[in-house]
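Per-chain numbering from 1; labels A, B, C, D, E and F assigned in written order.
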Amino acid sequence: MTERLLLVTLGEAMLRFSPPGHLRLEQATSFDVHVGGSELNTAAAATCLGLATRFVTRLPRSPLGRLVERRVREHGVDTSHIAWADDGRVGAYYLEFGAAPRANSVVYDRRHSAIAEISVGEIDWRAAFDGATAFHTSGITPALSPSSAEATLEAVGRAKAAGLMVSIDLNYRARLWSEAEARRVMTELVKSADMLITTEEDTERVFGIEGDSYEDVARSLSGEFDLKVVAITLRENLSVWRNRWTAIAYEAATDEIHRAPTFDIEVVDRVGSGDAFAAGLLYGVLSGDVARGVRYGVAISSIKQTHPGDIVYATPEEVERVLAGGGLRIVR
Amino acid sequence: MTERLLLVTLGEAMLRFSPPGHLRLEQATSFDVHVGGSELNTAAAATCLGLATRFVTRLPRSPLGRLVERRVREHGVDTSHIAWADDGRVGAYYLEFGAAPRANSVVYDRRHSAIAEISVGEIDWRAAFDGATAFHTSGITPALSPSSAEATLEAVGRAKAAGLMVSIDLNYRARLWSEAEARRVMTELVKSADMLITTEEDTERVFGIEGDSYEDVARSLSGEFDLKVVAITLRENLSVWRNRWTAIAYEAATDEIHRAPTFDIEVVDRVGSGDAFAAGLLYGVLSGDVARGVRYGVAISSIKQTHPGDIVYATPEEVERVLAGGGLRIVR
Amino acid sequence: MTERLLLVTLGEAMLRFSPPGHLRLEQATSFDVHVGGSELNTAAAATCLGLATRFVTRLPRSPLGRLVERRVREHGVDTSHIAWADDGRVGAYYLEFGAAPRANSVVYDRRHSAIAEISVGEIDWRAAFDGATAFHTSGITPALSPSSAEATLEAVGRAKAAGLMVSIDLNYRARLWSEAEARRVMTELVKSADMLITTEEDTERVFGIEGDSYEDVARSLSGEFDLKVVAITLRENLSVWRNRWTAIAYEAATDEIHRAPTFDIEVVDRVGSGDAFAAGLLYGVLSGDVARGVRYGVAISSIKQTHPGDIVYATPEEVERVLAGGGLRIVR
Amino acid sequence: MTERLLLVTLGEAMLRFSPPGHLRLEQATSFDVHVGGSELNTAAAATCLGLATRFVTRLPRSPLGRLVERRVREHGVDTSHIAWADDGRVGAYYLEFGAAPRANSVVYDRRHSAIAEISVGEIDWRAAFDGATAFHTSGITPALSPSSAEATLEAVGRAKAAGLMVSIDLNYRARLWSEAEARRVMTELVKSADMLITTEEDTERVFGIEGDSYEDVARSLSGEFDLKVVAITLRENLSVWRNRWTAIAYEAATDEIHRAPTFDIEVVDRVGSGDAFAAGLLYGVLSGDVARGVRYGVAISSIKQTHPGDIVYATPEEVERVLAGGGLRIVR
Amino acid sequence: MTERLLLVTLGEAMLRFSPPGHLRLEQATSFDVHVGGSELNTAAAATCLGLATRFVTRLPRSPLGRLVERRVREHGVDTSHIAWADDGRVGAYYLEFGAAPRANSVVYDRRHSAIAEISVGEIDWRAAFDGATAFHTSGITPALSPSSAEATLEAVGRAKAAGLMVSIDLNYRARLWSEAEARRVMTELVKSADMLITTEEDTERVFGIEGDSYEDVARSLSGEFDLKVVAITLRENLSVWRNRWTAIAYEAATDEIHRAPTFDIEVVDRVGSGDAFAAGLLYGVLSGDVARGVRYGVAISSIKQTHPGDIVYATPEEVERVLAGGGLRIVR
Amino acid sequence: MTERLLLVTLGEAMLRFSPPGHLRLEQATSFDVHVGGSELNTAAAATCLGLATRFVTRLPRSPLGRLVERRVREHGVDTSHIAWADDGRVGAYYLEFGAAPRANSVVYDRRHSAIAEISVGEIDWRAAFDGATAFHTSGITPALSPSSAEATLEAVGRAKAAGLMVSIDLNYRARLWSEAEARRVMTELVKSADMLITTEEDTERVFGIEGDSYEDVARSLSGEFDLKVVAITLRENLSVWRNRWTAIAYEAATDEIHRAPTFDIEVVDRVGSGDAFAAGLLYGVLSGDVARGVRYGVAISSIKQTHPGDIVYATPEEVERVLAGGGLRIVR
């Protein structure tokens, strides 16, 4: 167990409230409760694939803070470096499941959360990075507040200094900050990174980078920021309940584009699929096989979309089975 | 707020019992409870779009009668002219959700309801029409019983006399009355109306009117009954869970056919979509724009089909978004 | 209907999340969702008893703000003077149901709510008080934030000026403000009031007023603040599931103490019982019969405790039946 | 199995809708669905104790009629003599669970049910009584409508003529008929009976018979109507959730009063307890031991009150265990 | 009723646990509970179509054994020949509903069940076959254990000797036994049978029989084992939620291939569809019309897939409606 | 964190299925799913109080085994020394919640579970005890099977040899083994122990030891087996929903009897209360304060009984609050 590679992630863990079935929020008399957050989702998915993981966040000492910690622990993710605050909220978001022509939608209630009020120096990064191989965060964490942007920069700087592989998921959220703000902070973060995960659209909005093809965009990003790996996820919304999903990754060392199969997905809950992809990619990259990372990333994130919750439940055997085109007969 | 146009509707509000998931009625150990009824659904949908609305019905003084009133009020529909009976039932219906090749099905238990036992003169229409611009009812209300047929004729007569715009949704229900009975009563009602909403099939069954095209049928109806607006809704059942849905409206003043886009719908619950369409059309017609009415009607009734319940939950912004082809990405 | 007395209340309406059954918050995978808030609860209960009511608050334009408005409307409470904000949260609280020796407990997440960020002048009180007879608020509203304290003072001042009967429920919440802060603001508010509802404990904590008996305390308060009516509610916690509940009211005009029967209560949900009591008392006082007010207040608030939710569902007939000692046989 | 004694019962089987938890009807967004009816409940309870049973009723050919039949069959009760109607309703009732000081309450929606529209001659009693030992019905069945009163009289007459032991549960329902109507019909029915089950209160209301004690009343009834066995159930409502429950039976042959122990009951659902008592008593009487019948009746009806639904789930071993004072430790 | 043809089936009835929605097993905090088992499913479906049925199995005397018996009885299937064991388990299985690209999956927990421990001679087959016309079992029952294989051979032998029509569903389960074991036992069983139901894949795995077409395979099987009827079901997995489903049957007497229409199915729960097909086929064959049997089989098994549970809820009218291409409009 | 005392426990973790509300097992259409087992419950409760804990068991590699591990991890209990089997079941039990006069009851389905098939030598106890201070198991583990009895003896022997404090909860289960078998094995186990937790009844049944008082019994046990601490829990079943609960502990070193307060408990779910008591006692004993251990044990196990599930959710602050007689007002 001690030999397992250790991935550390930093981010917010929120309560997620969603009405059962396809009820609209205004109809709800009960909400299903999940816990999620981009970097938590990635850590949990990476644990499924065999990595050791540690999730760093800031939570209030309250039943809600403890509720979150319990869910994180359930996934086998180490919570020993969470910063506990005497005050502050647990962020929340409300998710409404759509059906064509009504898209899924999200209402955020995450302002003033404990992690948004984190200060530089509050996390003991030396301890938090003890034994770690890689660090991952996303563009959501610095977008939460100026202080969380500072804290994210601190974390990435410390990770870089400690020799960790640094991975960033661009994840632009227009409701949290402007494109200009994002560009300023994300440029600094990505410059320190080894790996970037993004979409074509976010790349253009945040960095103004476009290309003739996904491959072009990935190459440009790699060149611009001196990145070893750049991955781009691709989603086609056939309808709300049917999507096509795949990804590519550019590996600078070999100047290769690695491709995953495209999956036809019956979508139960697509939230968190990008985060699960990141986990698969990290797993591959950390084990020295970017091609396998892209394939694992797309496969595990496809499974993610077939059950409720932000966090995937899957095993390496299931990932392999999906990649092998395991078929849709009942497994019995 | 006092300047809002006021729409008055008359009809039955029923309890609706449906087994959760796709359980058959005979399997059920619990029922989801909704409240619905064609003209209530229209009033509530019209409120979403900004009209003031008042729903007239007859209910027993009982917890079930009060349950219905509470649901009506929730939607912002005025209940102050409901007639309260010392006796009588609240009508009910049972809805079973299908899957191809098994269609959705409905079992009625609405006989002897308080509204079926309404008498002419029981509603103070002078008061109920105070401040009103339009009156709407459907072919279901007169089908409930001979006395409700009388009461519907009274209401339409009083509305006409009071100078209200009168709108009728043909809504033929074979389980409630014969085609001959329907023809007799509906002919009289439609003659007093300004606007008719129907389907090609119902038009043929009730009025024996056919045409080479939907447009033809609409024009014929307009001619036959001197109607200013005739709208026809069109549904294509690709499967139980996938439908195509649109409508057209003929405007006599300009001899124009107005068309809405056709929507591909992932159907969660299609009950009440015609009623929501009527609301959108009324909204458009009352604001002097039939073309917008058809588009709003199809859009709001498309949203209706994406969540449970007879009554739509939507905002004007969502209607616009759907009409603009808002896309199926998560709204966040 | 136009002759009904109109009661206006001001306060916060929150989402309430509670795990089903007796699950602890940390166990929850779903929450039951209710809407409540002291002054909303009072308005809704008063509607049950036949008063016309209007609830004033501040809510964000969002699905959650609309969810709250829908629940308010369901109870027949007028929402036309709610202030809608472009920004801000809907406050929330989490309720855990206890069992001896574990008490019920509440976790607040109400900071930064839209109502906490209300400004003086934002409500058009002239319009909001149009046709009104009485105004009611509680010590919770000014405790939310300095600006809501200002707005509450404004409202009470405008009510007083408009000749309305002013009623205050002391409702001290130690998690929202200190005793010193409460004393400063509540003294000012109660000075403008005609009626005060409180408990012996809160009276001592906020005003430092004690007495040999409940009656003494009520008389002292009346003297101190020149109040026409002072009511004190009395609860005995036999266990978490069994309580004894009653109240007294001092009427200054006659120097009388009015007493209600004491009820043995099987407690399903005691939240909101003080608010329902206030409604019964207001109903009695406004109809000129304080003695009836106390009795109605205790009876309707007893019913409140027998079903889930902050807001009572009851009819005047049920209130009378409980007061008449209606017995515990099945009503059929 | 063929040697089992066969009990035939006649009555209505209704759908029962109850809001989950202690929600009031007006709050409900779902209803738990049970099937019950006095004589069905008795038949099912008797099956638990080892009797063969057959339930006779009239149901519409519809999913709701079939739903009822399925529930009846589940309990091992023979449904082969149910009369199936092409038309008509399944009766329903709504049950609200109370808490002191709010009693449980019931709203009936059973008018116009298929069984209320039964005609004399519609049941082939010769076949329905084939192999039977006893017949049981209650005062509810004749109260449903004049035609069901006729049909009940027919059934009792045929049972008497066929030499069956005839048992009647008085079960007066004030919402269904007046005391005078009840007296007229029930007098005729009880005259043909061998056994009567009643309460002190019902006896006075229907027959005007009072006594110094329960024993007196039982003896008077036996004398008045020439009854072999008269049983009286006794309930003390300590609160809604705590009751005391017992019964006595007078056996004319020996002029003995048989008593059961009194049980302290934590009441989950008391509906149907009288019916389960009848089953225990019938079981005892048919096996020639009235004393055992009273004891079994009280024990099985005590178990009935500890779980949801009108129909008891119990085994003879559990009945014995309760009678033996089995204790309240976990059985494991 | 006594003239109805009686079908006897032998097999295991299991508890089935499935997480609600599309939750994965590891996420579940509750399980939906159904009862199913291949031969029980066939018996229940045959009852829907009008056959009398009797299900033979072995269950422990326990609340779980009684739970199973209650569910069997609900479907109108005779349980009077179930063998009750003092010891042993009720088998269980866990079902996880998938979505593309994740297939449905099943986890068995059926070892050591009471039926797996059945002994030859334990069932009184003379009594169990009293009045019977046909006997049906599947390849699952002998796969449970060596002793259940013996008991199945005994049953088939006794059925044959008693002149019953013997039907076998091949139903190979790789998790229960090897292909070699299956071949040895199934060869013996099928030799005694009149009718075999299978799939192309199972036929190859168990008997090593292949062909150029389904028709070929059916003919080969008929020839090899001297079978009067061989049916082959055909499923195409378009996705997890959309399947195509049909069947053919070879009738040796006429050397005809009978075909059913192919249905496009929106799959709610496909478990048990083969068993429902068997019921339809048996119904047709027993009424002398193999062609109708195939059509009824495919239609009733299509309905099966549109609602939850192993056991179909359908009426002959619904079967006819589906075969007539009844359309997907709401039935109202 | 590294300084926390480490408690290792050994035992079975089962799935627990219970019908919601007070439904009987035979009524259930869904089961609530919990995970529990005496020694797991103790480890999780000890974690609440601040101990580090490790739970050792044997589970199959299957979704059900992983489900169990996830629940264990959620509570912060280390799962790294669980033995994973390629085969075998997860044990299960069914819990039915009672109401007077019907007791709670349990149906076991735990035979052939993976832990029952554990072999001596399968656990690497040197590693499992690394860093540990104490070892705890109960009389249930050796009762599961002869091989689990061997494995328990091995564990206790290794714990003793490693210098750990050894604690045993007697926990006699009559359904698992006879008193004679229990005596033989438990005598050997308790001889190696430092601490024993038991009830008066179990002590008599297993060891034949009686006394004039609880204190006597504790002293006798201490003398007989050379135990440093003997604790006896005491429960009084006022009814099913109301219990009185306390405990005493005898400390040999000081010859003192330590007593806890007696709590009046409103019982939601009493399963696991003895296990939570053991955790509190262990916490006290390991921190050198037996008196505090008894008090903490009774307090945390009282909280256990107020919410669903075998495993307590509590904080040290809540334990202190209960011990301080915190009162039953809402905590807000």
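Rule of thumb we're sticking to: contacts are C-beta pairs under 8 Å (C-beta built on N, C-alpha and C of every residue); 3 or more make two chains touch, one makes a residue touch a chain.
All values derive from a computational prediction rather than experimental measurement.
**Student:** What chains touch chain C and also chain E?
**Tutor:** Per touch definition, common to chain C and chain E: A, B, D, F.
**Student:** Out of B-C, A-C or B-E, which pair touches the same way E-F does, with over half the contact pairs the same?
**Tutor:** Overlap exceeds half of the contact pairs only for A-C.
**Student:** Which chain has its C-alpha centroid farthest away from the centroid of chain B?
**Tutor:** F
**Student:** Same or different for chain B and chain C, where same means more than half of the interface numbers show up on both copies?
**Tutor:** Same: when the shared numbers are divided by all numbers used, the fraction is over half.
**Student:** Hey, how far is the Cα centre of chain B from the one of chain D, in Å?
**Tutor:** Chain centroid spacing, chain B to chain D, equals 44 Å.
**Student:** How many angstrom between the C-alpha centroids of chain D and chain A?
**Tutor:** Inter-chain centre distance comes to 61 Å.
**Student:** Where does chain D touch two or more other chains at once, residue-wise?
**Tutor:** In chain D, residues 20, 24, 26, 29, 66, 70 touch at least two other chains, as defined above.
**Student:** Who touches whom among the chains?
**Tutor:** A-B, A-C, A-E, A-F, B-C, B-D, B-E, C-D, C-F, D-E, D-F, E-F
**Student:** Write out the stretch or stretches of chain C touching chain B in their complex.
**Tutor:** 1, 66, 70-71, 73-76, 80, 315
**Student:** Tell me, which parts of chain E touch chain A in their complex?
**Tutor:** So the residues of chain E in touch with chain A come to 21-24, 26-27, 98-106, 108, 173, 175, 237, 239-241, 270-271.
**Student:** Please name which positions on chain F make contact with chain C in the complex.
**Tutor:** On the chain F side, the touching residues are 20, 263-269, 302-303, 305-309, 313, 318, 322, 326-332.
**Student:** Enumerate the contact residues on chain F facing chain E in the complex.
**Tutor:** Of all residues in chain F, those touching chain E are 17, 20, 24-26, 28-33, 62-64, 66-67, 70, 89-90, 92, 94, 96, 107, 109, 111-112.
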